[in-house]
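Notes to accompany the following structure.
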């Protein structure tokens, strides 16, 4: 135990020395216990993908433009007929009570205050209804398929009843990839924190494993959603179904053909396959595959407004903020999350003004300059 | 407060241990208060562009040549019918009194002593007339459009009356991008320093912001010069109008078509859009766009004579020196600035001798070798 | 002597803090004396190739896939009509008694326990028969040609009599390249450890050197196997003959034409020519040269299941584990080696599940993404 | 003064802990005074080219080959009808008494003992005749053109009379580029060391400088050899004239057309134009320009036998050793230099054996593998 400093409780004001959204990452070190921080900050394995997610943004430079006409400049987005004031979405992050006693309730308040779309996780530490009570639309529900279909249906119905307006199905986490960093830090989910919306479910069936069979493969077969179940869900859903965790153009095309309303390019913030490419590095190819009009969101590695600008320029319609959400939540609750989003927006708008982009569509039409040769 | 050492006053001699122009950067640490140094040295945001401006020069190597004929070797340049003994110009740097009690007056003396073209900033801390009193031509005036046209016109007329021979319009700083480094250092413009030539202006009108509108976009609309105003200025000006802050070939072409006499490739030393490409990395493409005869100057990142050589080889007619100007000014006033320019010239001439280039035109005809593969 | 800590004796349990196979490398520092560790860990010369062997894997990323069908997923391999439950082979590593009193006997037990193919070294520190007594097939024998043909024949016959089912001829170590690291550490083979299977051989003939001749070339001529001898061995062998140490497609083609049953791409873990390319960097070209059906194994640099995945994707049918074998042996004997292999298998299976690969053939059909541009 | 340790006197034995030729660089730190070491080790400017000279070798890997026939393997070279037992030449390094009281006399003894071609510098600190007394052929003389033609002729005649068999004209150092490192270290040539062979010359004429003229250009005009003088020298010389300091294919072609017997690709060990490319990076293009049969030597950056192998593979017929010569001389005089050369030869032979190259011609026919992608 090198670090015996006790984590600070969340502030009820915005700390004075925050100069940019990214500063919340550094500041959060003092507010989150070391083992929980390792769990949140770490990726799977040796964090290779987690690190690459961020450094990939350095491969691109944004070319300033002059004499722009910003008469009607705005950051608005339209997706599935829904209107969004800005493209900064709150990613589905599990167990937010790990960093704030009010957990996702605070995040919901911040979403409400900043007109942000919050995507509530299946593994939220407070109930779907408690979150809805705090945040007006847009609000989406993130779904992990449960091992029993009836549990999955029950979750969906409950979310729809509560007023969630889209379902985000995460497909890339059928099997848990261990985080070396979290293991070393001795992280375990504290006893007082749990998946509030799964509390009533029976425990999983025991693993069905043939003799000589790999437990890894067996677990995957048990837990990964089958193509057929996904197809049925899409068909039956009264709200748009969006698939999260897509990293290959062929998967994107298959999902589009299956009827998905949109997809989220994501490697789960580097928390699934360590050694996967940076999400940003596959974005343009996936946009190219699905075509211009198809809703495409981006997740993994965003730390600044210029990162958002780059993701949009490379094909995204909107972006999801994961770790910064937890960091700002730990520092100052709803106030922190709202401030973090405000900073990201301003940083994005600054990029837009300096590049003469009056809309997200104008960003998309922009050509970034690679830094891989010639800085 | 780690660093409690008091900054040294400017010397009245050239310090013995200066071995190259770049040494002034290191030496200046002892002569400039920490917060002011952060303001001068820092770029916007996280200094990404500011750093890349310098490292971009490492992407190129200069191939030595043998048996050169240097009979009539010189560093002379002709631009807009004006004659320059060398291509090392003093960039428009604001508030020079921050580092020397005599401010721009000292710089002007150095310009006079070294036959250098000094470009006086709109934000000079002494008056245009005080500067002219010290420096014979060539001397140019850098213009920021003011939010009221009448203020802009008054400034121009005053500069022309004082004998400035060209107007450099800076277009890339319509909106202020914060420097994390300067914020952290707590920099604020000291009360005894101000823009001497704007002293008589009325304060800006309050920001006009629609409900839900972004303050960033609103401020841009208020402060950025409109295309029409620029066109009128160019048309009306009795002296050449040169545009500073160009980073995209299309902007260069538009400005050329508009009647600009020349352009300055610059990202404002990394002080505007953090994440913009290194200025050097866009230079060749812009030269290619505007064609061979069009006056093209280069700014951002120059620290040595070989940097100047590279910028000229990649398309520049002359270069602007910003930070080294402030560093040498802080160390030894006019003497320091003059010495710094002398060193840069000698470093440039050494490169010319070793590559067999007897003129700037010969440098332009030189092919640099990329170091991105094969050192 | 900075490090005076005595090495720990091997454990009889698996240490709690092992989170991945690679962890054995770090842990082994405490179990292996410094000079022996330098000998094992070091490559030849300045370890350039040894380091590159590992970093080469970072040049590739593995793209996750969704909605896989893993119904019959397995890691089985067929080579030369032999069946292997998984592609993780134990490389021929000399003198294993350096790190465990029971030496190769423990490794053999681990091979048995994990259904792994163990390749016994000519320089094993226990007898071929002692190893066979511990490990059921598959088991292969690695051959260094001896300077006298009769010694070579005797070794082969003894291995066949003992039940070894393939002969791996190592061709890349005809001449010893010194390891700077081992020299600095003062490594010498301890008196109580020797090549148990060569104990009865007469000492080598003295070197035949012409006047002015290089001792290096003379030694090579004396010790390197001649093409003719290899051809005779291949022709006469009742079991498959596999060549280890191939780094060039032309050598691979020549050996295939000569009748080799398979080849092992390897630079001897960076222990021969310092400055040789990473083994991984030549793998795809060699696979391309020999064609799809020809047995191709890979050695040098593997530290994780994702490394194995990458090697297979780039053309390997199976991989050899060298240093991790010694590290895990030093930490916990047979138990350690078995655990290390189990971890590598699980890490490989995790990659397979996340990329939707139900077989090694599916991995081979996968396209890795280069990280050299775009992370 | 951080380092107050007194430099050690040269040893009369070879230190035990030398594992490779490169080790002499490290060891020499203890034998050479800090200011002299800065002068020897430093390049010009900020040592950019000096460093790149060495790292450029890392851009290439050497691919091992199997089953080589080394029956008649040797390292012999033929150049200008002269025979060389190996391609490791001693570069012309000035003022060798700086690191050993006997100076070049010791180096000459080492050349004799190792059958090496020593190239004596115009700036040798002992006389041409003293060197010849110690070293049998091959021996060459390096010439700097003197500012008075009669001095140049006298030097040449004296060298020919003493038995030097080739003249190496250095063209790249007409003008001195300062070394920041040597300046900082306060290096000045000690009073007891001088250019022994120039002792009788009258001092240079004062610099002829026009008003407003650059002293740099003026000095170049005074000191650089004119094309005509070089042509006359080549025409009149009874021995081969080889040009040192060539970095551009066009210069190589011009010199070949002028009648030069051979050229030496060199950037003077990074001591002339800081920012010049690594010598290795221009070698292949120059070989390509001059064609296969033309004698081409390589200088700058060699630290090991594998460096030599790479230079030969990229086009060199032989290589010059500069700094390692001074380092080994400082450590153990003639013994050290001879040992250093022996180590380089053995390192080269090891590379040859492992790549199946039985001659320098075979190395030339070898294709290196780039490490710029794929290690």
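Residue numbering begins at 1 within each chain, and the chains themselves are lettered A, B, C and D in the order written.
Note that a contact is a pair of C-beta atoms (placed from the backbone, for glycine too) under 8 Å apart; a residue touches a chain by one contact, two chains touch by 3 or more.
From a predicted model like this one, the values you see are computed outputs, not experimental measurements.
Chemist: Can you work out the rotation angle that lays chain C over chain D using Cα coordinates, in steps of 5 degrees?
Modeler: 90
Chemist: Does the chain A and chain C pair touch with the same residues on each side or with different residues, judged by whether over half of the numbers are shared?
Modeler: Answer different: the two copies use largely distinct residue numbers here.
Chemist: So which chain is the furthest away from chain C, centre to centre on CA atoms?
Modeler: That would be chain B.
Chemist: Quick one: report the Å distance separating chain A from chain C, using the average Cα coordinate of each chain.
Modeler: Taking the average C-alpha coordinate of chain A and of chain C, the gap between them is 42 Å.
Chemist: At what distance in angstrom does the C-alpha mean of chain C lie from that of chain B?
Modeler: 60
Chemist: Which positions in chain A are in touch with at least two other chains?
Modeler: none
Chemist: Chain pairs in touch?
Modeler: A-B, A-C, B-D, C-D
Chemist: Mind pulling up the chain C residues that touch chain D in the complex?
Modeler: Contacts found on chain C: 45-46, 48-49, 52, 55-56, 59, 171-172, 174-175, 177-178, 180, 183-184, 212, 214-217, 220-221, 224-227, 230, 243, 245-248, 250-251, 254-255, 267, 272-278, 280-282, 370, 372.
Chemist: Help me check something: in the complex, which residues belonging to chain A touch chain B?
Modeler: Residue positions touching the partner: 17, 19-20, 22, 58, 61-68, 70-71, 73-75, 85, 304, 306, 345-346, 349-355, 369, 371, 373-375.
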